[in-house]
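Here's the structure we're looking at; comments come further down.
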Amino acid sequence: MIEVALAIGFAAVGIATVFCLIRLALGPDTADRVLALDTLVTNAVALIMLLGIAQATAVHFEAALLIAMMGFVGTVAFCKFVLRGDVIE
Amino acid sequence: MEALVASGVGVLTAVGVYLCLRGRTFPVVLGLSFLSYAVNVFLFATGRLVVGRPPIIDPAAPGYTDPLPQALVLTAIVISFGMTALVVVLALRGFLEAGSDHVDGREPRDERR
Amino acid sequence: MTDWIIVPVVLPAAMAASIVLVARFDLALQRTLSLATTVFLLGVAVGLFLLARDGVPRPYLLGAWPAPFGIVLVLDRLSALMLVLTQLLALLVLLYAAAGWDRQGRHFHALFQFQLMGLNGAFLTGDVFNLFVFFEVLLIASYGLFLHGAGVRRLVGGFKYVTINLLASTLFLFAVGTIYAVTGTLNMADLALKAAQVGPEQAGLLRTGVALLLVVFAVKAALAPLHLWLPGTYGVAAPPVAALFAVMTKVGAYAILRVHLAVFGGAGSPAIGLVEPWVVPAALATLVLGTLGVLGARSLQRLAAYSVLASMGTLALVLAVPTSAATAAALYYLVHSTLAAAGLFLVGELVAERRGAMRDELVPAPPFPQLELLAAGFLLAALATAGLPPLSGFLGKIWILDALRGRSAWPWLWAAVLVTSLLTVLALARAGSLLFWKPAALAAPAADPPPPRPRPLVPLVATATLLALPVLLAGFAGPLAQELEATARQLYARQSYVEAVLGPSSPPAPLER
Amino acid sequence: MSGALAIAGEALVALAILVGSFFLLVGSFGLLRLPTFVQRLHAPTKATTLGVGGILIASMLYFLFTTGRLSVHELLITLFLFLTAPVSAYMLAKAYLFHRRAERELPPSGRPVGWATFDPAASRDDPDEALRPR
Amino acid sequence: MDLAAIVLVPLLGAVLPPLLIRSGRDACALVTGAVTAVALALLLVRAPAVFRGELLRESVSWLPQAGLEASFFLDGFGFFFAFLILLVGILIIAYARFYLSREDPLGKFYSFLLLFQGAMVGIVLSDNVLLLVVFWELTSLSSFLLIGYWRHLPEAREGARMALVVTGAGGLALLAGLLLLGEAAGSRELTTILARGEEVRASPLYLPALLLVLLGAFTKSAQFPFHFWLPHAMAAPTPVSAYLHSATMVKAGLFLLGRLWPVLAGTEVWFLLVSGTGLLTMLVAAWIAIFKDDLKALLAFSTVSHLGLVTLLLGLGTGSAVLAGVFHIVNHASFKAALFMTAGIVDHEAGTRDARRLGGLFRLMPITGSLAVLASLSMAGVPPLNGFLSKELLLEETLPVQWWSTGRLFPLLVLAAAACSVAYSLRYAVHVFLGPVRGDYPRHPHDPSPGMWLPAAVLCLPVVAIGLFPDAIAGPLVRVAAEAATAGAAPPTILELWHGPTPALFASLLAFLCGLLLLAAYAPLCRLRERSWRPEAKAMYEAAVAALAAAARRTSDAIHDERLQRTVAWALFAILLVGLATGAGAFAAGTRPPVPVTAPATVLWAAGVACALAVAVLHRQRLLALVVTSVVGLIVSLTFVWFSAPDLALTQLSVEIVTTVLMLLALNYLPRESPRESTPARRARDLAIALGSGLGVGALLYAILTSDFALPTISAYHVAESKPGGGGTNVVNVILVDFRGYDTLGEIIVLAIAALAIFAVLDSTFRGVAAERLRHWEALPRAADRHPMMLVVATRVMLPLALAVGVYIFLRGHNQPGGGFIAGLVVGVALIVQYMASGWAWARARTRIDYHALVGAGVFVAVATGIGSWFFDRPFLTSTYGYLHLPLVGAVELASAALFDLGVFLTVVGVVMLVLANLARVSARIEPRLGPPAPMDSVPRPEPRAAAEAALAAQRAEPES
Amino acid sequence: MLARLFPHPLLSCLIAVVWVLLVNGPSPGSVLMGLVLGLILPWLTRPFWPERPRLRAPLTILEYVCIVLFDICVANLQVAYLVLFRRPEALRSRFVVVPLDTRVPEAIVTLAGTITMTPGTVSCDVSADGRALLVHALDAADPEELVATIKRRYERRLLEIFG
């Protein structure tokens, strides 16, 4: 049962990734692309957790945690760049 | 999976090489990043591909992947981070000093290359 | 006593950290610490050299982990020789630089000590991945030193220098990865042992990895066509830095000796016979291109930079020959060419800083102070560079000719060496007579001649000492040559190296050729 | 652990996974489908909240049922996502507004000053100046 | 050391003159003369043994590995030359003392002269052929210095360079030739080689060796067509010309020919090359000499001609010819040195050496005139002077010579040369000294002080004395020399003034008459010569050198144009070439069972590939490229997660973030887009290289991944020892901080250096051009708020939490994924976010740590941890660990590796902060803040009372909803 | 004493909780360590957060969290429906302005974050004086009602919590 759910979950993540990539390709704005990147990062957290369940290990937890904690820094930096040019000012 | 990883590394290398051959500093920096991705995965993969066997000692573990390439890659990542930082700063400083971000520090004349 | 083996790495590292930590606002203190460290290091290097003379390679097991599992340093005659050469050069260059050059940018002394650490580490290590790490240490320190004083030429040149070296570093990792993927080891002694045991199905992979590593070292050694980075680097760096860099290309040469000729050169190794067919043509091209550069150079520093190239070409010709006789000749020339090039850089700068706006451009300029003295210095440096008697350049060259005798196409190699020597003589004669003999009509008399700046004595003394070294090398060529022969023999004594590092229990393998 | 409980546990885990996957997918689908940027900005919220949330719950339950120990560190991931996702969205919205919209296309703020992205008063260091009528 | 002393005394003595010049010119000259005299005395002491026919030899080891020994030998031939060199040397030293003016640095001159002298003596006494080359090149060098002595004269500089290059080239050829000769003879000692003539001549190396040696000898002795440098060397002060270019250096080539005569001579090719060259040189130079108006040029070409004469004799291959040659060397040295000295006196006194402006000097300077006329008559071969004798011998030797089947051509040519020689010799006497006194000399000439004419007079003594009593004065010396040179093949000829009416006498007479005729017809001859084609060798040489240098510069500039793209392309090309050549056969799939492919992995792969390719296509839009690159980085991290490398994933993720921020910081001051500037051809080339590289790497990795390790890997030990030996369960971390902690030490030092270098590079931004450029920076339109409230507050809450995570990751790294490096990045990012949110100035003011200190401290802690193991007498970086049992908490592991990891942590934090904060400083400098830095914008402020009350009232007025 | 040690008890507790979550479960050691960190980290980071607000009404906090979580779940379903089944052009997307009563930045940010995390609404900007929020609604038939709901459901409680 879990295997089936996992398979569906992986498929969902895969399809979601494809969607994000299409948005990344289409844009049209930089903000769209950064948004796609941000969503990809979120998907990555999900993917890592799914992998953890599939492999029955908690060893990937830190990776998910770091993405959750620091993933937004990239997004913020890109936005700050678009907004002000200077990321740190 | 081997074919995927090998071809992926190949693509990363090709892109990195192509970018390194561009005439402006920024794509070159990007190219170096790509080469660094490529070589990191390559070096990591020299321990062969193993799924679900992280090198963390656990009596219940069925086995471990080769930890040594991982340690080497960690070192390599760190070093290439330092190098990238330096090269980025150099690209910036060169531009501020020369007024051109061409890799040769001067705009190519009429010749279009 | 073996604990001293790690000192040439650890001491400069600790000292550099201390300089950053406590002395970063106090240049005088930095100088004192830096000089004292370098003097001490020279002492240690000499001590290690004497220690290594008994002919037994000494492993130093870092972290007390047994080889090949941990990282091991190996002190043998070759590494000790390189240590002495490096510290000697470093001390003289540092003396020179401490008279004012170090003021032009930040962190000169810390970077300098880190540079020494990187060089020493690269010469001492017995582990290929650790060699990569120390290559990176010495490279990044060299980037820092290269950029010392900044300026547009250095910044733009710096980008190129860094880029090309990053490419080489990337290739280094590809190569090391491939080697590990086949042999499962990184320790050089272990590699020497295992290379012979790799089966035919993976021999090709190993050979590829080793060949790629050769390309990496060729980049460092600036062998054509991988040399294109050198003129813009050595010709642009602050002259004392360029002088120190004279030893950097030799790291590439050292690595080829250590890895390709010694480790992977043993019987049964799939990578045997790789060096000569690739390196000799490259060396010839380097020699020719370097000489053309010397002949066409517009400034003295450029000329010196190209002379480094030409000397690397000469060196590589004989370096590629995998016999202990040839290697001894290569080592002699290596030592000589390092000191000669450094001397030329320093003399060039002494001239440049006295010629005002003309700097070291090879155009007529008014006479300048201390002309006679510097002319004599230039003469010595030029003699050494061009390989004219009676200095070590000539001895090195005849030894090389001797060693090349009988290799394939040797008449051509001889012709190349001799003809390029002649062209170098021509170029240096032109440059010297232009700089020291041809007075320019004084430009419109300056209303206010600039006040005579105090000319510190120390740079002159440092340069003079450096220039005296080729004389000593020539004078004591005999005893030195004996040392070098022993060094070369030890390099090829693979069995004893393996036993020293891995212990005598390692199964006897047909390692000797 | 009895068989029935195990099956129930498995079902719970599977359900959580499915719920999470669903919202994850919906989020990305919205990102693809919705026509304007501000509308698309709504999409990832689902992925970060119920999407990842569902899978985290699945993970917690899974380790509870397999090891018998409650695994709680997944909550941290949620915590950090909740802390950071609004910032991302906010910055993205500002970036979009700044680049693609003029201030007049936005509803007035109802304050003597305009929106922070556009009104220089936002970064004025004199606190009182911001309130003076312009 | 006896023989070496003869060489070393002048060489070492060369340091004395510059030191003594302060004591006066006389003292200087005396000491220089004394040095030479000592050397001469040392030589003469050995004379009895030499004349007994003994061969004196001594050897000191120098560089035996290259076959170079400091070995000397003295036989008659060497003695002869050494004697000549030192004897003439003394005279030249005396002459120069008076010749050089007060402005000329005499000390330097004498120093160079002694250097030269020592080198010359070295050549003639060397036993080892390589040693000979050493001295040979030294003579080139010291003559370079001597010719260029008057460095203000362009012709001196050019002449010096030309002499150096031509003779230096010869020297290198000689080196090769002698090496080959040594190879053929099986020894590099002349004493041995000389005994093995047969073997050498039979060796296949004979011909190349001969050609190379002759090249050396001919260039040095100015044989045609290498003669051109010698006349231009006359720009040197006359003592130099007299010494080098008449008596000594140019004779070095002849010495060499004579020295190697027993080995090389006697073959057809030797005869053809040597005597042919000699004859040609003799003839051509004599003809030219007739027309030289510059006295020194005239003498120079006459010297060339006489050198040709001796060469011719040596080429004949008979012992008697060698004897004649040796005899002529003596004679030539005496009269030619004297002639040079008189030319120098004329120049000195009359202010010109142009024959056209001279004449009638005999009356004004009778002593000089007498000496000059005497010497020139000797040169013309007038009896009873010594020149006559050697010319007789020459004719005697050459008259019977046949050149192939050309009949009498050879002797006729010799005769023609002799006639020319008469002509120029007499011209020197007639056009300068005879005839009426003129009134238009640049200076008023009169005889100089005895110091100047005495040496010339001394030299004229043998001119007459040898002419009259040849055998008594020169006989023994010449014979012993010739005998030694020919290894006994020279006949014990008695030298006599009068041989009776031999064909040679008639030929000599004929030559003299022809010479007179030539001189009589001087004016028409001159016109004839004016009209004929005369290749100007110097101009050709200079043009050739200039063309060479220009070509070298062009080539070098074209190749080393320092274009990065070309540099990189070549490097990649070389890599591809080597990789393909060595690895083409190696890329075969192995037999390792594959890991099954899964769908999500495929999607990730496709995403990564697509994004990577997109970056290649879109790279000109830089921001976009950066965004897409982040996706690639994310996928790389996920790859690490996938294949059991959690530590790698963590590291890659955190590095990725820092790198992105870094790139954005830089991108702000870089153009946002790259221009489209690659030609299609360039793109195609790059694409080919890129594809090749990608395919190569892909194939290599595929071959690796599909095959197993050929041999067991060392990492099995790491896994086994991780817990018991290293005290940690995260093997990767234990490797990093323990098994290979030394690598990690290197790695953090790389980071530290990078940070220091970056700091140093950025530090210079605030000066010069860059600062100027920044001052005029035109920023793009910007949003109004710098520090959005949402960002500021969220990151404030995040900071302590992120630090807690950092602590967590640091502490558990030894056992679980994590460690000092990642923890450092986490903390660094947490701090950087503060900078991003609240601004550089505000955040910097709140960070009490100096990042330099942090970097330094980190490295220091790591190093100190390593050193700590010394105190337990263990190698550097030896780790230890133990467990501390605390109440409540339980066992806490304390590992020295953790201390090392702390160093890593501190370094990483310091580096990240130092780099990013300093990069941010660039913009802080552009826009200096007015007033105090604000932590956040658009924050609700405490309102003025009135406004607040109004707001409150308005709120109350509204009905509750 | 305790107040001196823990000037921000809530933050310290949060850190302790985070630590316990990090090590994946409470144990004497982990709680102790969490408390130690709760002591040190707020002190270390104090300069970066100069005016930490005092939180009141802990029960209201709990209530607020529950409400928000509940709203998130409901809104997720609503929005999923909108995304999947509503034609995009039929969406009544619009910006609405939420005037703010609270003046505590932390409260404003919490409100903005809550709005964003509840699917269907995103906080896009704040007025230059920080007294109004610009919110985008994916589908808002009645903007006033939306603003009122936000103020009633969230801001009122935040006013209580942050004072």
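Labels for the chains are A, B, C, D, E and F, by order of writing; each one numbers its residues from 1.
Simple rule for what comes next: contacts are C-beta pairs under 8 Å (C-beta built on N, C-alpha and C of every residue); 3 or more make two chains touch, one makes a residue touch a chain.
The shown structure was predicted, so the numbers you read here are calculated from the model rather than taken from an experiment.
Between chain C and chain F, the least number of touching-chain steps is 2.
Between chain D and chain E, the least number of touch steps comes to 1.
For chain pairs B-E and D-F, the one joined by more C-beta pairs in contact is B-E. Taking the mean of the C-alpha atoms as each chain's centre, chain C and chain E sit 15 Å apart. Averaging Cα coordinates per chain places chain B and chain D 32 Å apart. Chain E and chain F have Cα centroids lying 72 Å from one another.
One simple way to say how far apart two chains are is to compare their mean CA positions; for chain A and chain F this gives 22 Å.
Counting only residues that touch two or more partner chains, chain E has 562, 564, 568, 572, 598, 626, 642, 646, 667, 697, 704, 709, 713-715, 718, 739-740, 743, 746-747, 750, 753-754, 757, 761, 764, 769, 783-786, 788-791, 794, 797-798, 801, 805, 816-817, 919, 937-938, 941-942.
Counting partner chains per residue, chain B shows two or more touched chains at residues 20, 25, 28, 38, 42, 45-46, 51-52, 54, 56, 68, 72, 75, 79, 82-83, 86, 90-91, 93, 97, 103-104.
The multi-chain contact residues of chain D, meaning those touching 2 or more other chains, are 22, 29, 41, 43, 48, 71, 73, 76, 79-80, 83-87, 90-91, 94, 98, 116-117, 119-122, 130-131. Contact residues of chain A toward chain B in the complex are 55, 57, 59. Residue ranges of chain B in contact with chain E, taken from their complex: 1-15, 17-30, 33-34, 37-38, 40-42, 44-58, 64-68, 70-75, 77-79, 81-86, 88-93, 95-97, 99, 101, 103-104, 108, 112-113. By the touch rule above, chain B contacts chain C in their complex via residues 20, 25, 28, 32, 35-36, 38-39, 42-43, 45-46, 68-69, 72, 75-76, 79-80, 82-83, 86-87, 90-91, 93-94, 97-98, 103-105.
Of all residues in chain F, only 18, 20-25, 72-73, 76, 79-80, 83-84, 88-89, 91, 93, 95-97, 99, 112-113, 115-132, 134, 136, 138 touch chain D in the complex they form.
If you check the complex, the residues on chain D that touch chain F are 22-23, 26, 29-30, 33-36, 38-39, 41-43, 45-46, 48-50, 69-73, 75-76, 79, 82-83, 85-87, 89-90, 93-94, 97, 106-117, 119-122, 130-131.
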